[in-house]
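Shared between the two complexes below is subunit A, which has subunit B as its partner in the first and subunit C in the second.
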Partner chain A sequence: MAKISISNETQNLTWQRMKRQAVPFAYLSPTLLLLAVLSFIPIATVVYYSLMNNVIITKDPPSFVGLDNYVKILSDKNFFNALGNTLFFAIASVIAHFVLGLLFAMLLNSKVVGPVTKSLFRVIYILPWVFTASIIAVLWRLLLYPNGVVNYFMLGAGFSTEPIEWLSSRQLALPTVTFINIWSGYPFYMVSFLAGLQGISEDLYEAGKIDGASGIQLFRFITLPQLKPVIISLAMLDFIWTTHQFTLIWMTTGGGPVRATEMLSTFTYKLAFTSYEFSLASTTAMLILALSLFVGVFYVRNQRSANE
Partner chain B sequence: MSKMMARPTRTGLTKALVFIGLILGALFAGLPVLWMFASSFKSNTEIFAYPPRLVDSSFSFTAYTTVLGDPQQRRFFFNSYLISGLVTLFTLIVGTLAGYSFSRYDFKFKRFLNLVIIGVQSVPPITLMIPYFGLIVWLQLYNSYGALILTYMVFTLPYAIIMMTGYFNTLPRELDEAVMIDGGSSFVVLWKILVPISLPGIVSVGVYTFMLAWNEFLFALTLTKTNDMRTVPIGIQLLMGQHSFEWNQMLAMSVLGSLPVLILFLVSQRYFIAGMAAGSIKG
Partner chain C sequence: MKKWLVGILMIAILLISGNVMMAQDPITLEFAQWWEPELPAGEFRALMDAFEAQNPGIKVELVSGPYSTTKDQIVAGAATGTMSDVVGLDGAWVSDFVKQGALASLTDLMGAVSYDASELAAQIQLNGATYMIPVVNFIYPVFVNLDLLAAAGIENPPATRSEFVDAATKLTDAANNVYGWVLPLSMEQPNGIQNDVMSWVWATGGSMMKDGMPNLVDNADVSSAMEFIKGMYDAGVIAPGAFSMREQDKVEEFTNGRVGMMVDSLAHINLIRERNPELKFAITALPAADGYEGPRGLPYASWGIGVAENSEHKAEAWKLVEFLMSAETNSKLSSIANAFPGNVKATPDFVQTDELFAAAFDVFQKGFLANEFVGLPVAENLMREFDEPFQLYLDGGMELSEFLSAAQDAWTGHF
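Entry: the complex of A and B
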């Protein structure tokens, strides 16, 4: 009697062990399938396209051309123009998002504000974030229209004598779309910083005050270092996402005037769907991927060290 | 003595500065939105009237009734709701299963897969756009709901998995063991114990997923062709492309297009912000 039950138990254990090894993959199978179809295969395809000519919509059959497409793109000054615009757009956005996000989070976290006022302001501050890029584009085109409300105040305050062409001037278009992106993106930082600030122990500040630290010193030596892991993650993620921004540019300037706001994303889109140069578009798509992965590697590393 | 005198004035000054800062910030964030909202009730000719006024005599709901009365525009909304709803549903199912696996099991390649999933978030949509075009045509899904539902999951799923793994990790394993001892399978543990407990987390992941899907533009632009398959963001772009700008209709559609996300956000903001803080940064 006892023997049977023991052998049953060992059998049970082996069975359970086998099951335990298969089970996690069973739960993961839909994910693995989707990732293969939506990520690995497409990336392999885009690598392949970038090494070929005449892909997707062509009269002639595809032919292998090696790195010719890369040479072509890397000697195209319009590509470097788009790269420069993208870097300006992304770096300026990341810095301004950080500053505004932290400033607003600290204002909201201030002890002099009551909880009701706080939650009211928090909702207002998050507002820009709930609008999708195409709606943000409509909104700012309305405000920045030559006869629009922003120019009314610019003229009224004497900053300008004639309506400013915010989005169609070659000098102003890039700073303007960057500003719009700053406006729409800071709440992501703010929300994360708010959580981060609430996680900093009050004892640290008390100890600092006892040591006679000023407000600025408390900020520099307690707040900033405590937020550092959050800041690094956010900045990298934001940089990657901002370099991908397509909709906002497409719906405000379309990359114009005369390529003044051309980004890597709009440049690639036009190569593919305006010029039907799918091979060249795949090549720039690969270069954007390389840029993202370069930053992405640091992001993953940072996430991993934060987890361990 | 002097210290006691200085204290109240100093906190008073801080208080004043904080409130000035808060109000300036609220104007920066809120005024543009308020202006859009107010302008959507103006007639098309009054939108750029000089001098500009927040509310003027042309106040009416005409733009809204026009948008909602147009079957074409209604179709955009229907498509957006359907696609975003289904993407959210599928993402939550697949993401919960994967999160459970990552949280409760040790297996080969776990670390590697985890890194891949974090890494997929940094793949540019524009890189995927070209092969997706080929893939979707090959799957005969071009210009269908399936095309968008399938491709949207590439950016909704990694976030959901990371978040769900994080939630499940906070729940003690003793819960699972209690069920297992009673003879429950691993799926019972997930479905009867972990899912109900982590409902707030699931809600916040669902809201974020819905937002991402509702806002998507690039794939909707390239993978659909006819107006009966277009979504709201593309619908707004189509209005923009017309020869005469129907500003008030565009604005009304923008307001209507923001409503679902705004409502979802307001209803679930407590869960949502807590969820963001718990999962998105620490991974």
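Entry: the complex of A and C
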């Protein structure tokens, strides 16, 4: 009799311990569920598609092809052309965003400029960020059209003798779409840097001045190191976002002329929605994910070291 | 006991009335298309109301959106088996949807009700079965700016390729930003390959296919058309910006009087008139190669219709197709759409009332509808795969034979 009661007591204790241990998971369950639905399941599905053939829209049943799709994509010169264009587009954008963002942030943070002028320029500088990608594409298409405003001024000022085909020339199209992306993206850097600059203690600059540091030395040894966490975070996030840019490219050039502005995003879209090759599109999506993860790992490590 | 009996009676009455009500519930057909937004407000719904009045047990729910959205919606529906019962189709999509098993055979549906198909102007068939019927057709003739033509001293619109080159050269005044012809080759919307490039081959009775396979290499008709376009490109008579230009840009250029001639859809006549009421323009058939006397192929785009394989109401869906293809409804629809009918007995009103449409109808009757991309697999992709080496050829990066070989190699993989 005594044995039975001890056994029941042990069972109750185990049950209570299990309940106690389950409580944190119960609190986490809505987030875990959301993560599963929004991230894990879609990613797992795309991984599955990339290893199969005949997926999504075909009468034939899917068949397992292993890494065949990866071999096919990695031996396609158009994929590497798109990868090269994407890297140029992303790296040039990130560098220019950084330079312009920091320059404008420092202008707006300067004590030389009055508060009214600062507010006015804050509005002007941030304007490109207000527009959506599709509006930006339409706007710049109109501006850069052979009969557009830009060519009108170029011809009028004598910089050119004939209309320049900014988006139709194989040589100019990639730099042009990169310029448009730079124009539309620098305000994000500017706002973030401005917040970072306003957080730097004046004491540091005063101490530097007492030590005889010049303006450039103050910038190099105080401003830049203080902004480093912001710079690294922004650069990594911007690189990932820019490699995913689709709307701007699609609506200005569609990846052309020829394949001069083909990006990984447009390459994937064409595979999926005009060739209906969803397996190959999933494969390129996985390769883009791998590229993003590579950068993402640096971002997380940087964040972790910053927190420590 | 009485209460018990009354209870059973009430339940029985409820059940019977419920069944009767269910039996009277109308069947609702979903009809996904891009037509309603392109027609005057309320006109297409009025046609559906007329159909519902004729078929009391059937309701039609219109799922309307722009062309590109409708395509994405149908692609998604085909993938998930949730396609609308009746769908608006472009001929370029048919082969892919049939491959996916998303479209029902209209041949079977017609056979089930012994439908007489002799009034249908065309049927898009694959593997011996009809999957799409063109409801109305928009032909692509040449639009000419009469004021520019007169200013250049040209009396009549060009009828042959050499006359076209001559006219384009005379019309071009680059210093004043005026060009003879406009050629949209955007990679985003590569339909310029169909409407503005390959149409020159079809206008001379040529073909880009042979025995169901691509036939671009060593094809005199294709080669001469490409050389003809390249000649104009090199001569600088084509409006700049061709490689990123889309169809709407082309129409804007013509409407604003910056180009003398364009190949375009009749659907844009009213748009051009609204945007520039002062513009004087005429319509003529696409010029053929010098010395060609045969009938001229006319590029066209259709508002096609099909029935989803996953539809649970195929018979009712066919009734809607039959209604739209009847001479009376088809006349009304083609009149409000400014298009040519898909029923041979239908006559749109505008042919009697509008001289431009009358001229276009004349062009339509003298020629034949030609669009070889209709029914081909991944048709839009084929246009893009042709566009790429074609741009290189125009730009001097490829020779004609290299370009045609590259395009043919890319195409052959899809057949």
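Criterion: the second predicted complex is superposed on the first by the 277 of 308 C-alpha atoms of A that agree within 3 Å, B and C clash if a C-alpha of one lies under 4 Å from a C-alpha of the other, contacts with A are read in each partner's own complex, and residues count from 1 in each chain.
Methods note: a residue touches a chain if its C-beta (ideal position, glycine included) is under 8 Å from a C-beta of that chain, and two chains touch if they have at least 3 such contacts.
Please read these numbers as outputs of a predicted model, since none were measured by experiment.
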item: Touching partner for A:167 - first (subunit B), second (subunit C), both, neither; value: second
item: Partner chain in contact with A:254 - subunit B first, subunit C second, else both or neither; value: second
item: Contacts of A:292 with subunit B and subunit C, given as first, second, both or neither; value: first
item: Touched partner set for A:30, first subunit B, second subunit C, both or neither; value: first
item: Which of subunit B and subunit C A:273 touches, first, second, both or neither; value: both
item: Touch count on subunit A, higher of subunit B and subunit C; value: B
item: First, second, both or neither for A:56, with subunit B first and subunit C second; value: both
item: Subunit B versus subunit C as contact partner of A:145, first or second or both or neither; value: both
item: First, second, both or neither for A:74, with subunit B first and subunit C second; value: neither
item: First (subunit B), second (subunit C), both or neither touched by A:246; value: first
item: Residues on subunit A lying within both footprints (that of subunit B and that of subunit C); value: 56, 145, 147, 250-251, 273
item: Subunit B residues touching subunit A - in the complex, by the definition given at the top; value: 11, 14-15, 18-19, 21-22, 25-26, 28-30, 32-33, 35-36, 39, 47-48, 50-52, 93-95, 97-98, 100-102, 104-107, 110, 113, 115-135, 150-151, 153-154, 157, 161, 186, 211, 214-215, 217-218, 222, 233-234, 236-237, 240, 247, 250-251, 254, 257-258, 261-262, 265-266, 269, 273-274, 276-277, 280-283
item: Subunit C residues touching subunit A - in the complex, by the definition given at the top; value: 72, 75, 78-79, 96, 99-102, 174, 177, 185-189, 239-245, 249, 253, 258, 378, 380-381, 384, 387-388, 391-392, 395, 397
item: Footprint of subunit C on subunit A - complex, ascending; value: 56-59, 145-147, 162-163, 165, 167-170, 173, 250-259, 270, 273-276
item: In the complex with subunit B, residue positions of subunit A that touch it; value: 20-21, 23-25, 27-28, 30-32, 34-35, 37-39, 41-43, 45-46, 49, 56, 103-104, 107-108, 110, 112-113, 117, 121, 123-128, 130-135, 138-140, 142-143, 145, 147-149, 152, 183, 187, 191-192, 194-196, 229-230, 233-234, 237, 240, 243-244, 246-247, 250-251, 264-265, 268-269, 272-273, 278, 281-282, 285-286, 288-289, 292-293, 295-296, 299-300, 303-304, 306-307
